[in-house]
Structures are given as C-alpha cells and as structure tokens.
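For reference, chains read A, B, C, D, E and F in written order, and residue numbers begin at 1 within each chain.
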Amino acid sequence: MAIFKPIQENEATGKVKEIYDDIKDKRQITEVPNFWKSLANNPETLERTWNNLQKIMKKGALDPITKELIYVAVSITNSCEYCIRSHTSAAKKKGATDQMIKEMIDVVGLANQNNKLVESYQVEVDKVYK
Amino acid sequence: MAIFKPIQENEATGKVKEIYDDIKDKRQITEVPNFWKSLANNPETLERTWNNLQKIMKKGALDPITKELIYVAVSITNSCEYCIRSHTSAAKKKGATDQMIKEMIDVVGLANQNNKLVESYQVEVDKVYK
Amino acid sequence: MAIFKPIQENEATGKVKEIYDDIKDKRQITEVPNFWKSLANNPETLERTWNNLQKIMKKGALDPITKELIYVAVSITNSCEYCIRSHTSAAKKKGATDQMIKEMIDVVGLANQNNKLVESYQVEVDKVYK
Amino acid sequence: MAIFKPIQENEATGKVKEIYDDIKDKRQITEVPNFWKSLANNPETLERTWNNLQKIMKKGALDPITKELIYVAVSITNSCEYCIRSHTSAAKKKGATDQMIKEMIDVVGLANQNNKLVESYQVEVDKVYK
Amino acid sequence: MAIFKPIQENEATGKVKEIYDDIKDKRQITEVPNFWKSLANNPETLERTWNNLQKIMKKGALDPITKELIYVAVSITNSCEYCIRSHTSAAKKKGATDQMIKEMIDVVGLANQNNKLVESYQVEVDKVYK
Amino acid sequence: MAIFKPIQENEATGKVKEIYDDIKDKRQITEVPNFWKSLANNPETLERTWNNLQKIMKKGALDPITKELIYVAVSITNSCEYCIRSHTSAAKKKGATDQMIKEMIDVVGLANQNNKLVESYQVEVDKVYK
C-alpha cells in the first residue's frame, strides 16, 4: 500500500480527471500510470509535474530518445526502480534500441565509478576546465 | 593538496608514460589532465580506467555527444564538480551546443525531482512496466 | 530474510528485553517494530540508537511533528522505504495532517531538483551567504 | 567560473529582467542571488523554477520556517553547499533560531545513520506500516 | 521481470558460456548468479566486469575479507540490496564472522551520520589534513 | 565561514572544554580539529558524537585500520571531502600503507559501478542470497 492511496480513474473529478484524460490522450494509453494516480492526491503537484514534464521532455535541441536515456541514467544513479522501468519503457516506445540502452548503462556504470575515483584522489580541477 | 600527489609528466616512466602519451595523442591535447595524473599513483587503475573509458565512450549505437551528456547527467546527480566540468568540456569539444546542455540540465533536474516524488508516495510499479 | 534474523520478543533477554519493554511502553505499542528487532543482533547498537533517538526526536525548539517530517524528508532523499513508511506513520500519530505531509513532499521534490540545478550550473556561493 | 556565465543584472532583458525585479521585490533584497543569475541562461528554467518555488515555499499547512528547514535537511543530505547556505540564511530571515537549526541538524544526522542501519540489516517493513 | 531477461545457462554460447564456466569454476558454485546472467546481455560488459572484479577483489595489501566488507559498506551507502546480500554472503564465505559484519555496520552508520554533520556545519578542512 | 562559527579552544568552557582536552589527550594532538570545534556549538551533539566514535572505532573483531578504511570508503561514496581527508589521515596514522589505501579506492570504484549495473538491469536477488 502506498503512503497515500492512488486516486483511481473512476474516483477522479475536476482538474484531476482532465489531466488523466490528457495523459491518456497524449500518451495514447488506456490506463493512467500509478505515478500520476499517486500525485493526484495533490492536484497542484499533479498539474505542475505533468506540465513541466511535457515541456522538458519534448523534442528540442535533443531528441526525445536522448532525453529519456538521460532520465533513465539519473534514475539508475538514484536507484529509483519505478523511474528506471517506466522511462526505459518510454525510451523504447520512442524508438530506443536495446543496443542504445546497453551503451547508456555502460556509460552510467563508468561515470559512477569515475565520480568516486575523483573523490578518492580529491582531484583538483584543471585550469583548462574552469 | 590531493591525498596522493598527482604524478607529473616529467616524473612518469614505463607504462604510465606510455598511457600519458596515448592520452595526449588520442585527445590531441598538450597536457595530461589531473584525473589521469592522480590515477597514475596506481598504474593498473590508470590503465584499466583509460582502456574502459575509450571502449565505453566511443561511437556506437549512441553518438559520442549523447554519451558525454549522459556522463555529465550522472556526474551532476553525484555532485562531482571535476567530472561535471571536464565532461561538459568534452561534450562541447565533440559538438554539443549550449542549447543541448541546457536541455540535458532540465531533464536532470526533473528526473531528480520525480525520483523523489516516486519515493515519497511509494508508487507501485505498474504491471505494464514489469 | 534479513542478513541477520530479527530477534523476536520471546527470544529477548537481559538488556535487549529491557529495551524492548521500554520501546513498547514509551511508544504505547504492543509489538516491537522490526527495526529494533534487527538492531538487537548488536545490543550496544540497539541501546545507543534507542537512546539517541529519544534524545534527538523529543520536543525542543522544534516540535515532534516537525522533527518527524524532517526525518521523512531525509529518508525520501535516501530512498529508504522502511524509514519513509515508519516515520510517516509516526508523524501522523503525533498529529501531522495529510496536507502537512503533502507540502513536505513538495518541498523535498523541489529541493532535490534545485540541488542538482545548482550542481549543473556550478553556482558560486554569494558573499552574502558566507 | 561557472559552466555558463551568470547573467548579470545589467545584462538582463525582457522576461529575465522582469523576474530579476520580481525576485528583488518579493525578497526585499538589492542584489539577485547567483542561483537565479545562473538559471537565467535558460529563461524558461528561470521562470518555471521561480514560480514553483514561490508556490511550494509559501505558508500553507506548514509554516515557511518549517519548509525552509526541510529544504536545508534535503540539501545537507545531498551535500549541496550553496543550497545549505542560502536556505539556512532564508530560514533565519524568516525567524528560525539557532536552536531550531541545531535540532534540525541532529535529526538529519540521526536519519542518515538510521537509513543505513535499515539497509544494513535489510529490515522488513512491519505490516502495521504498510 | 528484469529490463533485459537474464541469459540462462542453457542459452549461453561462445564467450558468455566460457565466462559462466569460469565463474562457476573459480567460485566453486553450481549455478551462475543473476548479476552475471543479467550482464550477459552485453558480453563485453560481462567480460570486463568479471575481469576487473577478479583483479580488484583478490588478495593484496588488503585481505579478501576486508575488501568484501568495504564493498558491502559502499553498497549499504548506495542502498543496493542485491549487492549487500551477495557480498555479505561472499564475505562470510571468505571467513568474515558475524561480529566483524556487525562492527562494519556500526562504522557505516557512524560515517553516514558524521558525513552529514560535516555538511551541516560546513566544516572547513584543517590545514593538517591538506 | 561556517554556518555556525567553530568554538575556538580559548572560548571553550565546561563540558566542551573537557571534551576538547579528552580529544587532544586520546589522539595525542595539540590542536582540536575543526569537526569537533563545529559540533561544539551543540555540546550534546559533541559529547554524543565523540562518545559514539570512540566506542565504534576502537579495536574489536575488526582492527582500527580496517575500520578507518571502511569509514573512508563511505565518505568517498558520499563525497565528503573533510571526512575523506581526515580519516585517510587517521588510517595512515594507525598504520595503513599507501598500497592499502589504493586497493580500498579500487574496491570503492568497482562497488559504485556494480551497484549501478545492478540497478540498471534490475537484477533479482538469487534465492541463495536470501
């Protein structure tokens, strides 16, 4: 059981119902994912998060696949199972291949290792990088 | 001062010198960065890290710019200043535009927020993502 | 299964039994929570942790609800399910309303995002904050 | 030097200038802090972050001091110096006493320790907390 | 279900099969653990990780028990259940006693607390440690 | 400047002065390190932390060098410069060799990488480890 019970679709009214419909419509899915159903306990959080996510994850100088892979890389580093699974799924839906995901994983592993090697040796920032 | 003193180029011999030369050659730079000078305290670590980095960061299904951006995203999440600065620099050198970097940053911010919203509500993984 | 088996109440003797009784008495609960049953594998850790927790979480300049909310905020940031669930429960028992918890969650989400925006841009500390 | 140069007040135009003025006005300060000057490199990020921060940090079921303390608790856990310093300063400005800050720190220390004790013993969530 | 399905032993061919045999042989176990079966989706990652692990975890100036305990300490700090369980198991197999594990846990708890106290008070590094 | 000013030795009175003397005596040092001077802002925190540290870091089933190395490994993973520097120094003072420290660093790097590979592939815990 969640800390707050997810708001089911048949319980949604007003702004929450509108956002649920918008999510299903834009994502072309038939069921609202649990993340949004949980946030719906605080309709303002639901609205703000859904709006921000659409703005930030849309195609820009970076394509949507790259954005999803970056999202997953952060989620792996933060050990967020839900986020890893849902955004790997989103990445695949947008066209990410298995090979792209495997290469992202290798970069994440390497960066996590090297981040800590830098801490270990307390490496000073080179002037050229400042 | 670092925990171990960086090994300067004029102090490098044998395998360390060879790797220093390889780094400068492949990267087309005239000075070995402090990260490698620090790792040189343990020549095996230096060799392993340099070899792995070349394999993992090279062009594959993902292009080198995307890999650098993923690397930076992890480094931001881990608060590693050296890694953020050196790999943002690498990303730019490989062709990343300012706009690409800004969009990556927005995704990192959003993912870090949403990762914690998921924890807060202890969102259950939807069947469709399993 | 846990790394060490929790010490059940009917297995507890000596100092462990005394602390178990103290926990149930002070908390007005009929069953010792698993956290304490696990720590009981190391009676010194059990005693130290129980003593410190009582001192630190008691009413002071901050009221107990605020302290529990801060505890949960840290636990969310560290992705500790047990701690999120048990201390959200404790916060509610001490009088935290659902609205208070939702607002705490929003602050945690925002702070996690902004912490990483600060890292991304490597923002320098303003003189006025030093 | 930051990854992106902070946008100074005399360089700000349009939406950025408006937000700078709003920040100084609402905060009753005479100089825009570096955080906002850095975000100004991406005016949309600046606007979104400023708007979200005002909504989330304003008085609600939790008073502004409590919200600032929660913000600082997260920032300590994430080791974000800028955020620790700027929001401790904000907490004090809103009325937090030194004693309140010291008690918050103790809770943060305890929670970070206990979060890891829970991981160490892989403590199972009690039924009563689910 | 994993993001990528683990490669079962009867599905393994070529380099993957060789490494599976090597793991079972060196570890004197009859079944390949899931970690390696998952990495096998990317044979290069499997090979690199297996080779690095053997080099790094072998007896050196530090004995293998100490190395396993350090590995577990990091895994606790990162909240990696799989790693905590598998390397605690490895530590025991190599001779770590329950008492050694309990003392390691106490150090991990203390260090996590003190790390955050240092952040809280923004303690300056003493000259003697630089 | 720290959030709270460190309490200098000539400002210390009562319990704080006693603990300062105890630290210098037990550690055989002539100057109290900044960590303790900062904690002294809250004499109870100073006392509790000093007492716990002595109990936890003393020789037991694990020798003091191993405990210091574990402490440093956690501090690297948490990116705590002060803690990395002061406890690497403590480890050396207690007899840790440079080679021991280098091997600890390699284990920390590997564990941080593998922790994230486990998350990436969402590896299921083998029955044998439960």
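Methods note: a residue touches a chain if its C-beta (ideal position, glycine included) is under 8 Å from a C-beta of that chain, and two chains touch if they have at least 3 such contacts.
Here the structure is a predicted model, which means the values were calculated and not measured.
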Requested in this report: Any chance you could name the chains that touch subunit B and subunit D both?
Outcome: A, C, E, F
Query raised in the report: Considering C-E alongside B-E, which chain pair is linked by more C-beta pairs in contact?
Result: C-E
Report summary line: Residue numbers at the subunit D-subunit F contact, same meaning over half shared and different meaning under half, come out as different
**Report entry** Centroid comparison with subunit C (C-alpha atoms), farthest chain
**Finding:** B
Query raised in the report: What is the chain whose Cα centroid lies farthest from the Cα centroid of subunit D?
Result: E
Requested in this report: Mind checking the centre-to-centre distance between subunit D and subunit E? Centres are C-alpha means, answer in whole Å.
Outcome: 35
Query - subunit A and subunit E, separation of their C-alpha mean positions in angstrom - result: 27
Report summary line: For subunit F, residue numbers touching 2 or more other chains are 3-4, 41, 45, 52, 77-81, 84-85, 102, 105-106, 108-110, 112-115, 117, 119-122, 130
Query raised in the report: Residues of subunit A touching subunit F in their complex?
Result: 76-77, 79, 81, 84-85, 105, 108-110, 112-117, 119-122
**Report entry** Touch list for subunit B against partner subunit D, complex
**Finding:** 79, 84-85, 88, 98, 101-102, 105-106, 109
Query - Residues of subunit C defined as touching subunit D within the complex - result: 2-4, 6, 31, 33-35, 38-39, 41, 45, 49, 52-53, 56-57, 60-62, 66-67, 69-71, 73-75, 77-78, 80-83, 85-87, 89, 97, 99-100, 102-104, 106-108, 110-126, 128-130
Query - Residues on subunit C engaged by subunit F in the complex (per definition of touch) - result: 1, 44, 48, 52, 55, 130
Query - Interface residues, subunit C side, partner subunit E - complex - result: 3-4, 41-42, 45, 78-80
